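Two complexes are shown next, each including subunit A; its partner changes from subunit B in the first to subunit C in the second.
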Partner chain A sequence: MLNASDRLSVSKAFVAKVVVFAACAAALLTFPSWAANPYILSAGVVVLSYAVLSTSWNFVGGFTGYISLGHAAFFGLGAYGTALLITKLDLSSFVAWFLAGVGVALFAIPVGWAALRVRGASFVIVSIALVLIMLLVFQSWSDFTGGSNGLVVPRPFPDMLRPEHHETFFYLFAALLAVTLLCWWLIDRSRFGMGLKAIREDEDKAEALGIPTYSYKLVVYVVSAFFTALGGGMYALWFGDLDPVFQFSILIGSYMVLMALLGGVRQLYGPLLGALIVGTALEYFKLEFGDTQFHLVATGLLLGIVVLFMPDGIIPAGMKLVDRFTPERSSIREMTAAELLERDQSESSERAGRHASTPSDPEPSTTEKAKR
Partner chain B sequence: MTLTDAPPRESLATVSLSKSFGGVKAVDDATVTFVDGKVNALIGPNGSGKTTFFNCVTGMIKPDSGSVSYRGNDVTGRSPHRIARAGIGRSFQLCRIFPRMTVLENVLVAHRTDGLRSLLKGARNDDEIERARGYLRRVGIDHLERSEAADISYGQQKLLELAGVLMAEPDLIMLDEPAGGVNPALIGRIGTLIRELNAEGRTFVVVEHNMEMVMSLSDHVIVFDRGRPIAEGPPSEVQTDPRVLEAYLGV
Partner chain C sequence: MDGSLLFQSLVLGILLGGLYALLAAGLTLYFGIMRVVMIAHSAFLILAAYLAWWFHRETGIDPLLSLFVTVPLFFAVGVLMQRLLVARLRPVTLTMMSVLLTFAIALTIEGLLGFVFSGTQRRIQLGYSGESIEVFGAHVAVVKLITFGLAAASLAALYVIMKYTKFGQSLRATIQHKEAAQLVGIKTDRVAGYGFGLGLATAAIGGTALSLDATIYPSLHWHWIGPLMAIIVVGGLGSIPGAAIAAMVLGIGQSLLQIPMGTTWAQTIFYVALFATLMLRPQGFFGGRLAQRF
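So, the complex of A and B:
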């Protein structure tokens, strides 16, 4: 039941959204043609892969508020799953990639079943434990995984030159990102998504209203693991060389969280924006400061700034800033006529209540007398 | 056998329900039957186990022993959402809402879902929105539907919580201190709402400290002391019962 002026502003906002979306999509899709050199293009691929991972993480983090620092486990399993299915079973690259994603999703069912029983800090610790276990398993089981010697992933397009390879994978990652975003958006607007957001706000209350919170969390956890694994598998096909230390790294898991928090976990494009900023910064610092660990210091500082000044992320902070420059809308803190009436009524009855009981309830006075 | 097929013989009943926290017996061998179609009040001094009893019945806490049945079906130890789906709605002692969702969304959360396909439907389904708005209008805060729930006053949040409970269309509504921390005018409004909803056939179980409200509102009063019922009956009888006066007023 929108009134006319609302409809107008809604349609204006809609047009603005479409224009911004089209401009961003165009900039993204033409990036390979205006990237200065293959290195910049490969950095673009890295940033896009971060965007996929962070958006995938945001299925759990954004909707339910469960902060998983262990999503690198699904990333690594997706990567190794893809590589091992190709090398051991001789499957074609993209069949292996998809099957690895499905396999990791199945694996995520018992993991989520156990991990989602605990909340808050306990869940964070359980999620970290998962990565560390995977790291040890993949390092130690070297005759199967290649261990610390690494595992070479056969290239899906052996005839391609390097720039061409980067460009292809840039578009593959962009397509994967689009599907992931679409899926997030569909959940966001569904009843299922509303239930998940209720879990984020108050899990017990959601449960009391009839939402099967545990099943909801588990489903979205599995979806999240699936997309994270697809991101990992795609990374394996692109990069071509896997090492447990990098694939099952706490750092990758932390990046996913940082990017999502930076952009805004409640926003569809939050993790993507976060990945653009953090990913670009990481690549820049690595380039400028080489092998030092300075990029980690910079990342830590960035996280500190976000938590202190923009706890909801850049997108909500930016929207607030824009709102300041637009003509004032009627604020929700202003009182409507109905509220004023209510306030006046309550005040007058409070005053009346001091002298006698409320006039609307004649019975209480008699019961009070009876008590005396 | 589904819950809806069962004739409404008895409402909620517990048999020898017990729950201890460490050495404290919060609920101790409580056998209670609530009257169907009536406003039942659960009163008792602080720490007499009313809220723990509430939590055991609604599945938030698993009882140590004893059983809970609703309309003849055993619901002991079921998860809260299944008890909610069985037709029992509840509010919380310290009003609990979803602070970072709008008032309308707070109510929409409690929509009835039937099957997986309805879950994937848009949350902003027109019928559901109209239903949610109806309940907001009913409790008198429909003008706030676009506000964030965290921004409205405590009294309004209490009303919002009630609207959310109603949205799930429960047959039995359990309210934990509906008059706690709200102004007298609002207490009157909540009382009127409860009476209206009761007249429409909903059963109520109300935990309340406001005696005026309890005595004027309820048809059946159950008095708790040290985790078990010590007296029950119509309000006029209960308030003169010497055991109640002793437990409640310490005289």
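So, the complex of A and C:
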């Protein structure tokens, strides 16, 4: 009886999930056809690129809890790598894009090797320093990178009109986002992901349990850098004009963090949701207030509010709110080991039938399952 | 490269190192008290510089006198910030989240400065701006000497406060072992708040000193935070003498490297030192057991 209703509710939740997913995916994919004008469409491309970046950031931030404010370095390197490979080596656009991603991933190995030796604050400092170094190098080395004059990236589809170009890149970004999300989901469900999350919860204990914490962190750092660089390269191909001040900007790194935190770093769709909210707001602020520094104030205040009041993000906060209106559930975690032991003993003696002291627990506990 | 040029750079490096040392001492103070990495430190530095510039423009009085307003003001802001914002963060994730929180404060300050004073570059013109005196053949601008003097005096004052006053003792006790400090009757929350205010007061002094000598603009703080962060990591997080020594060494190094490499590339010394420190001694060269963990 219990099991049947249980399975029913699970399948209901599953159906709901599929429906919501399909609706969101359909809304996303048909966006170019109902976007009012090319400007809105280009804003959509920007928001999607933010979603790719902050999901990529979430490989490190979400799984290991290491907050990197310097992912803009990988973004900029991906963008500049793509542009330089096209212009200097005459590679075709998307080959250059992929090679730039691989190159940045290789570059991330020594960087991660140094940065991941320290935890917490020192790691954040190193990540900020990385962006500042890159900014310095790409501004000063102007005969190679174009410096502050900017670098023009040849268009991959030269004969396309602007709206068409936006539409194509909208789908390209959507595809990249899908791959990134898929990869995050796969890691989330794997043993590797379990180890990473153990690092997030308590690194010393994780290490004591035999998880090779250092190499796990390094691998996920490199994966994260790879996807961030792909996002950057795609941005370069779409936007077509690079400037060190914008590519290696601490702001971009902080947007990634803000979006992921706002949505919820432990959720697959958290960064995507955050990117939708923050990205749309940023585009709106830029449109309304133009050149003023208002978007900085807005970003700062929003980040402060998120950090102070909902460090777990919107999705967990929303779920808590929903839970408040549903019948109370108690999970196995809310019982102490002593209570569990007592319950198991009384259940085995009474055959679970008349034991009514925990009616609110519909799921058979894992210990019970193990016994059967 | 002739000797007098070298000597000139050395003197300038020492003068610059003094300012770095004062600011890094403030950063170290926050870290010691609360395990907080205060990204907004340099934003407050620039804010103080702007206030000095504005004070000078409005009243025409020497901008140094703005210290009498900004130092108490920043102290109060620091106390309030610790009590109202930082103390609210969850202890488990305090270090990470405080970085983000202070980063958010830095962004807000930068945005507001741009909003109120616009992004135009500002500079204070004073009667003695162009004057310099000769020390053993090296020309040293008077404003740089004033900056160094202020920094040295404040560092000395900080040392005296930390070492010889009752408040300094309880502050050091709080840094060393919070629970033990509570046990001997120190109100650690209050002391931590005052310590935070003290740290921010160093930013007020540094900013006023900076405004005498530098062209200021809202996003300038990013150029300061990188070197300062590198200094406190190299010195070992939480160690004030370590921070001061690292600040001196790197300040002089930067100044000397400017001769062959130019100003932009000379800045990389901070980051090279940062990465070298992480490779060789992740806990910093003077820091104690605290550093690597946070």
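Basically, the second predicted complex is superposed on the first by the 328 of 372 C-alpha atoms of A that agree within 3 Å, B and C clash if a C-alpha of one lies under 4 Å from a C-alpha of the other, contacts with A are read in each partner's own complex, and residues count from 1 in each chain.
The criterion applied here is as follows: contacts are C-beta pairs under 8 Å (C-beta built on N, C-alpha and C of every residue); 3 or more make two chains touch, one makes a residue touch a chain.
Every value quoted in this text rests on a predicted model; they were computed, and no experiment measured them.
Undergrad: So, A:T213: does it touch subunit B (first), subunit C (second), both, or neither?
TA: It touches subunit B, and subunit C stays clear.
Undergrad: Look at A:K205 in the shared chain and tell me whether it touches subunit B only, subunit C only, both, or neither; answer first, second, both or neither.
TA: After superposing on A, A:K205 lies in contact with subunit B but is clear of subunit C.
Undergrad: Looking at the overlay, does A:I128 come into contact with subunit B only (first), subunit C only (second), both, or neither?
TA: second
Undergrad: Does the superposition put A:G120 against subunit B (first), subunit C (second), both, or neither?
TA: Second partner only, subunit C.
Undergrad: Quick check on the superposed pair: does A:L303 touch subunit B, subunit C, both, or neither? Answer first, second, both or neither.
TA: Only subunit C is touched by A:L303; subunit B is not.
Undergrad: Is there a shared patch on subunit A that both subunit B and subunit C touch, and which residues make it up?
TA: In subunit A, nothing is touched by subunit B and also by subunit C.
Undergrad: Name, in rising order, each residue of subunit A that touches subunit B in their complex.
TA: Touch residues, subunit A against subunit B: 1, 186, 189-195, 197-198, 200-202, 204-214, 332-333, 336, 338-339, 342, 345-346, 349-350, 353, 357-358, 360-361, 363-364, 367-368, 370-371.
Undergrad: Quick check: in the complex, which residue numbers of subunit B touch subunit A?
TA: 58, 60, 79-82, 84-85, 89-90, 92, 96-101, 105, 108-113, 118-125, 133, 140, 143-144, 146-148, 151, 164-165, 167-168, 183-186, 188, 191-192, 211-213, 215-216, 235-236, 239-240
Undergrad: Residues of subunit C touching subunit A in their complex?
TA: So the residues of subunit C in touch with subunit A come to 31, 35, 37, 39, 85, 88-90, 93, 95-97, 99-101, 103-115, 119, 218, 222, 225-226, 229-230, 232-233, 237, 264-265, 267-268, 270-271, 274-275, 278-279, 282, 291-294.
Undergrad: What part of subunit A is in contact with subunit C in the complex they form?
TA: The contact residues of subunit A facing subunit C are 65, 67, 69, 114-115, 117-122, 124-126, 128-129, 132-133, 136-137, 139-140, 250-251, 254, 257, 261, 292-304, 307-308, 311.
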